[in-house]
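The structures considered in this document are given below.
Okay, so subunit A shows up in both of these, paired with subunit B first and subunit C after.
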Partner chain A sequence: MSGGVYGGDEVSGIVFDAGSHSFRIGFAGEELPNFDIPSVAGIHEYETNDENSIMRREKKVHIGTTKMTVPRSNCEMKNFMHDGMIDDWDLFEQMLDFAYKDCLRTESQYHPVLFSESAWNEKAKREKLTELMFEKYNVPAFFVVKNAVLTAFSNGRTAGLVVDSGATQTSAVPVFDGYCVTHAVVRSPIGGDLICEQIEKMLAEQKIDLVPTYKIKSKEEVNENEPPRWTEKNGLPEVTESYDKYMRKQIVEDLAQSILQLCDSPIDVESAEKLPSSPYGFPNGFHKEFLAERIKVPEGLFDLKYLRDVDNSTLMNVSQIASTACGMCDIDIRPNLYSNLLVTGGNSLILGFTERLNHDLAHKCPPTVRLRLSAPPPAERRFGPWIGGSILASVGTFQQMWISKTEYEDGGRGIVEKKCP
Partner chain B sequence: MSWAEYVNTSLVGTGAVSKAAICGFDGSVWGKSDNFQITGEEAAAAARGFSNPDALLGTGLKFEGQKFFILQVDDERIIGKKGTNGFFVYKTKQAVIISIYEDGVQPEACSQTTGKLADYLKSMNY
Partner chain C sequence: MIDAKSIIKSDGGEQREKKGDATKQRRSEFQLPRPEGMQRELYNLLTATNAGKLKLDAIISSRTKDGVRLAKLQMGKRPARRWLWTPFDNQAREDGLKLSHWMREDRINPSQPYVFAKFNKKFEVPSFNDDEYEEHLRMADWTKEETRYLFEVCQQFDLRWPIVYDRYDQTKFGQRRSMEDLKERYYAVVFELSMQRESAYEPMGYDAEHERKRKEQLTKLWDRTPEEWEEEEQLIAELERIEVRKRERERKAQDLQKLISMTDMSPASPSGSAASTSLKKGQIRQKLGLSSSASMSSSFNPEVSVTQLRFSEFRGSGAHLRSQEMKLPTNIGLKKLKNIETVIDKMKLEMNPMGAEDIVTAYNDFRSDIVLLQELKATLQTAEFDLESLRTRYQQQGGQPFEIEPRMRVSILPEGGLSSAFLEGPGAPTSSRRISSYLELLSKTDALNNPRKRKAPPPPGTITPSSSTPDLKRTRKSVL
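So, the complex of A and B:
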């Protein structure tokens, strides 16, 4: 079998968990990831004169919140993930370089690497990743695990239905004995990004001007609902549309975290009006109490008719996703899944999300089944797969499972299909 | 080398596989380990699984009369489990290799050993 013990106390492994919203990086054995960088990077193209005064086009990639949020002209924001899988490999390599050089400040050849991947990752992509890690980064050992399995591990389980509501989509993945039941994965493109779009539409309807922070020089205090008084920064470069959009989304994400709430049963409009309001202050000084909107927007996750301007004929709501995934599994393991429902992903942090899912599923699942839903505390839900990876990579019995460099050299990149379920 | 020898040396002999058989797509057992009481019908069901994965998923597969849950099916491999035991079925050009692991044998090791033999058989056009 594989030679040598790689983990243990001496050299810890590095765990990477790439999501469509952020890329989590850290040393195995830690409680939380050491770094959480946006999956989006600014790609800056500009012209420069070299020593012979010849015009050249240069490309510079800005990674990490501090560097990428500086307004620049011709700087396009780009995400290296698409559909939960690594898509832009050039950018991904730059991200890894950044992770090793500027975040972890270590050299890749000393640390085994554990990667998470989505349950629907393609064979070609996982082979490419294996090749990249061994050939370019020279890692001593490598492993990839499905993120749903890691989430189950972070909750101390080997089986359950993992409902992951992330930025781009919500998925339900049945996990049994440490394996993903890949044929029963159900997913739907409703997630944090959709909620953000809905909020932007809601703001536009209410004629609230969303001013991104980079434009604001100063602001004055105003009373609630009064028009804001603020001054614009001078000499801003002409930024790209994608940059402006990204910066606006930052505010919307903050707004979503601050005000949104889900009722624990389907709403009727009257009771929604009676619920307590929640204030939010925009960066330009404008502030307002949000009432029924804060309930109606996230309600779209569970009742698609609340989604504005979205063709909902092909979408599934969150509770449908979960029950369909259960329904596609072998009948003997279904009770096990219903009583081990795990909720993870940043979008599930909306207040009341788990209670609502519990309520809706209780109506859908067979009466003999005991539904038990567990949702860990917020930090663990944001970083569920990473924490599972951190646990797995530091467990003693896992050390013999790594794909070692020798095994890769013997078996080629195809080895990842055989060793990693 | 006879088929039984392949099973005994390359699969069960490594210690990473508890029971194994190599079968044709029609369910004929070409070679198997002595401790594996596989029937022709069970072998044929496993081979059929590759052409009709959806049907497998609801019903599972039976070996020696025991039902295993199906965890994954793709073009070249079926993974199944029953308690702490489980199986891997690899498909080659003309045959399927069925490997069962029991009692603490590492699943990854079983998969790797079986996969290696499958790659070898494929390279020999079997």
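So, the complex of A and C:
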């Protein structure tokens, strides 16, 4: 047995964590995923002339940042995830092929596979995934775990309330003793993408032109707030709208990561004005110092009134999500959940997110309740579920839990319901 | 003229001096007096200090062979052993899946069980067959299928009730089951089964009703608003205050009780004898019927009497003069002393009688009684004032005016004594003389000097019956 980690037994499993923003892939037992591929792929349909000069329509899929961001005509950007679950299975298969061939450079039949899924994943999808892995990829063993449970494991706990604020949604999932309480899962479609939309609206209001990088040939340095001077690239193909949108979004994401900050407590206008400004340089050379928008935009996560042009009647803010999920659980486990609050997800990396959540929840719940928010460092927060999967798949006592090929052959795809809680 | 240099120099000089002293001290502290024959240089090396710590680099041997290079890592000389990617058996698995892991060549041992297989602990949920079900396990609105399903889910999730409840398919059998329902059914079945199988089983009772109520209460507690928390805190503070007042009352009543019992005990010796007087005390206690009398009787100790004077006891061998036994203890306050003097004087007795045995005993008891009488008078006066204030309040609130009988009054006593009219009838005083009129109670200035450490009753001049100070409230309650 490979020594090393106490209780560990590496069987060279592979861990896949599919998210709406990116797809994390890596070997079990590692600290961080080896590959973090965007979940969006470029589907390029083009016509070629083959040997007999017959026009054929070909479709090529470009996965991975380097290949995807090349401007091409007729290249649609598509995301294979929707609503936190795998939606486009063809694209997903292409992603897996890419993962095995170009990233991991290994064959699927040698490695047991651990997949993460969202807490509200449907039975049909789960079974389809099982079938796909065993039939097409011939994996020797397979297992699916809810990503909230994996996040809890990555924090060294078996129970707690996992608040996952990701790209498309924010959800609160109570985990008890290594199992998800599925009926108490609360989610709302606010997340990183919503923040990006809000920023785009804000930029449009301020008449800032968002020029994506692929268009820029050269730029000149200008002072702050001066109109930018840049030259456009010539010979650009006619790109699709989705491509353009995607490239713009990249800039907005970068902007969001650089300047956004959340206030510790619900903001008042005076302190918002006093906030130090943060400069940002756009790809086209435009510089600006952002002041109050820094704090107003992410405030929409916690106070729905700050969301512009969004119908917030069905939405819930982050602290409401957390407290509702907790409230739906049995009263006996509620204190346990509150004292083990785990924050994860890329969107939670906004400065001040955890402090604000702590503050808001402290107001909502009774004063005797001990509220303890655990926020791991940024690297672990982005890849929380993946890390949990890596831990799980490399632990000696997990090796008896895999679904093996023989079990699948005997039990059919329904076995996943029985074996994977 | 003060020279900066001289200041600096003097400071440094001082420090250097101090340091020199320190090192000299330390050197001698090292308990290594220079052994005979040891070279001076060697001795200096051994005891050399660097800011108080021994300079050990002079003593530790070092190899100069490698010079200043770091020593090479000492590893084993044999060749590296190989690690092989070996498949292994997992005894905890039933399907024979062979996963592989790296194992060192010489440690490969196929017969050795997989180390982690022993952690495969399962919780066994009891199972039952149909006959058992038919005979013992029927319950209203639980079908056999549903019971079996419940047991299946329990087995799957190892009896983790929040998860069992969560994953239990509520729509499968139509009825909505709460967690308490599930637990109730499960534990009832388990209980029945174990009763049937082994009769010596301790009953594991599950009280569903209690659980439901407990959870309801917990939920209510959880859902409290901040206003309710505030309210509760205020109520608790209020309760504290009431408790404090109650304890005050009890203490006062206790004091009173002691006083009363003193009167029964005074003919006896100072240590008191409980037997003869216990009956009377019981009667008195009933008569008094004070509030919180139960607590009083439990803590009251008839043996201990605080109000009696403790004369110096002459124990041990050695002769002593009997007249010394008449000496007053030194710890009595001025007031008591004065009162004793006044009474003896007015009764035309001798201040220092002759020291015969009977005389000494009687004299001591008499003086104790005077002290006791003084304290009784004080208590009675307090009670009288309370009564007065109550009367005034009662009259203010529209009740009929009533007069306080002169019998109950002690603050205004005729010095000359009672009129003969009062001497008739049962329970009347036996003589017209009133010793208590001789006694003077606490004056205004003496309000704080209470040798009995009791909270001073309000001085006579200052009390106004119509005021409603917290003091009044307190004393009012003590009368009730």
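Structure notes:
What we mean here is this: the second predicted complex is superposed on the first by the 410 of 421 C-alpha atoms of A that agree within 3 Å, B and C clash if a C-alpha of one lies under 4 Å from a C-alpha of the other, contacts with A are read in each partner's own complex, and residues count from 1 in each chain.
Methods note: a contact is a pair of C-beta atoms (placed from the backbone, for glycine too) under 8 Å apart; a residue touches a chain by one contact, two chains touch by 3 or more.
In this text the structure is predicted, and so the values were computed from the model without any measurement.
When both complexes are superposed on subunit A, subunit B and subunit C end up clashing with one another.
Note on subunit A: of its two partners subunit C and subunit B, the one contacting more of its residues is C. Of the two partner chains placed by superposition, only subunit C is touched by A:T406; subunit B is not. Once the two complexes are overlaid on the shared chain, A:E221 sits clear of subunit B and of subunit C alike.
In the superposition on chain A, A:A141 makes contact with subunit C only, not with subunit B. Using the contact criterion defined above for the overlaid structures, shared-chain residue A:E205 touches neither subunit B nor subunit C, since it reaches no partner. In the superposition on chain A, A:V181 contacts both subunit B and subunit C. Using the contact criterion defined above for the overlaid structures, shared-chain residue A:E417 touches subunit B, although it does not reach subunit C. Shared-chain residue A:E232: touches no atom of subunit B or subunit C. Looking at the shared chain after the overlay, A:R334 reaches subunit C, while subunit B stays out of its contact range. One listed stretch of subunit C collides with subunit B once both complexes sit on chain A; from 43-51, 169-177 or 439-447, that stretch is 169-177.
Applying the stated touch rule to the two superposed structures, the overlap between the subunit B and subunit C interfaces on subunit A comprises residues 1, 176-177, 179, 181-184, 329-333, 400, 418, 421. Against subunit A, in their complex, subunit B makes its touches with residues 53-54, 57-60, 67, 69-74, 77, 79, 81, 86, 106-109, 111-112, 115-116, 119. Across the interface of their complex, subunit C is touched by residues 1-2, 7, 9-12, 112, 140-141, 176-177, 179, 181-184, 329-334, 366-367, 396-397, 399-400, 402, 404-407, 410, 418, 421 of subunit A. Across the complex, subunit C meets subunit A through its residues 83, 88, 90, 92-93, 95-97, 99-103, 107, 114-117, 119-120, 156-157, 160-163, 165-167, 179, 215, 218-219, 221-224, 226, 229. Residue ranges of subunit A in contact with subunit B, taken from their complex: 1, 123, 176-177, 179-184, 328-333, 400-401, 411, 414-415, 417-421.
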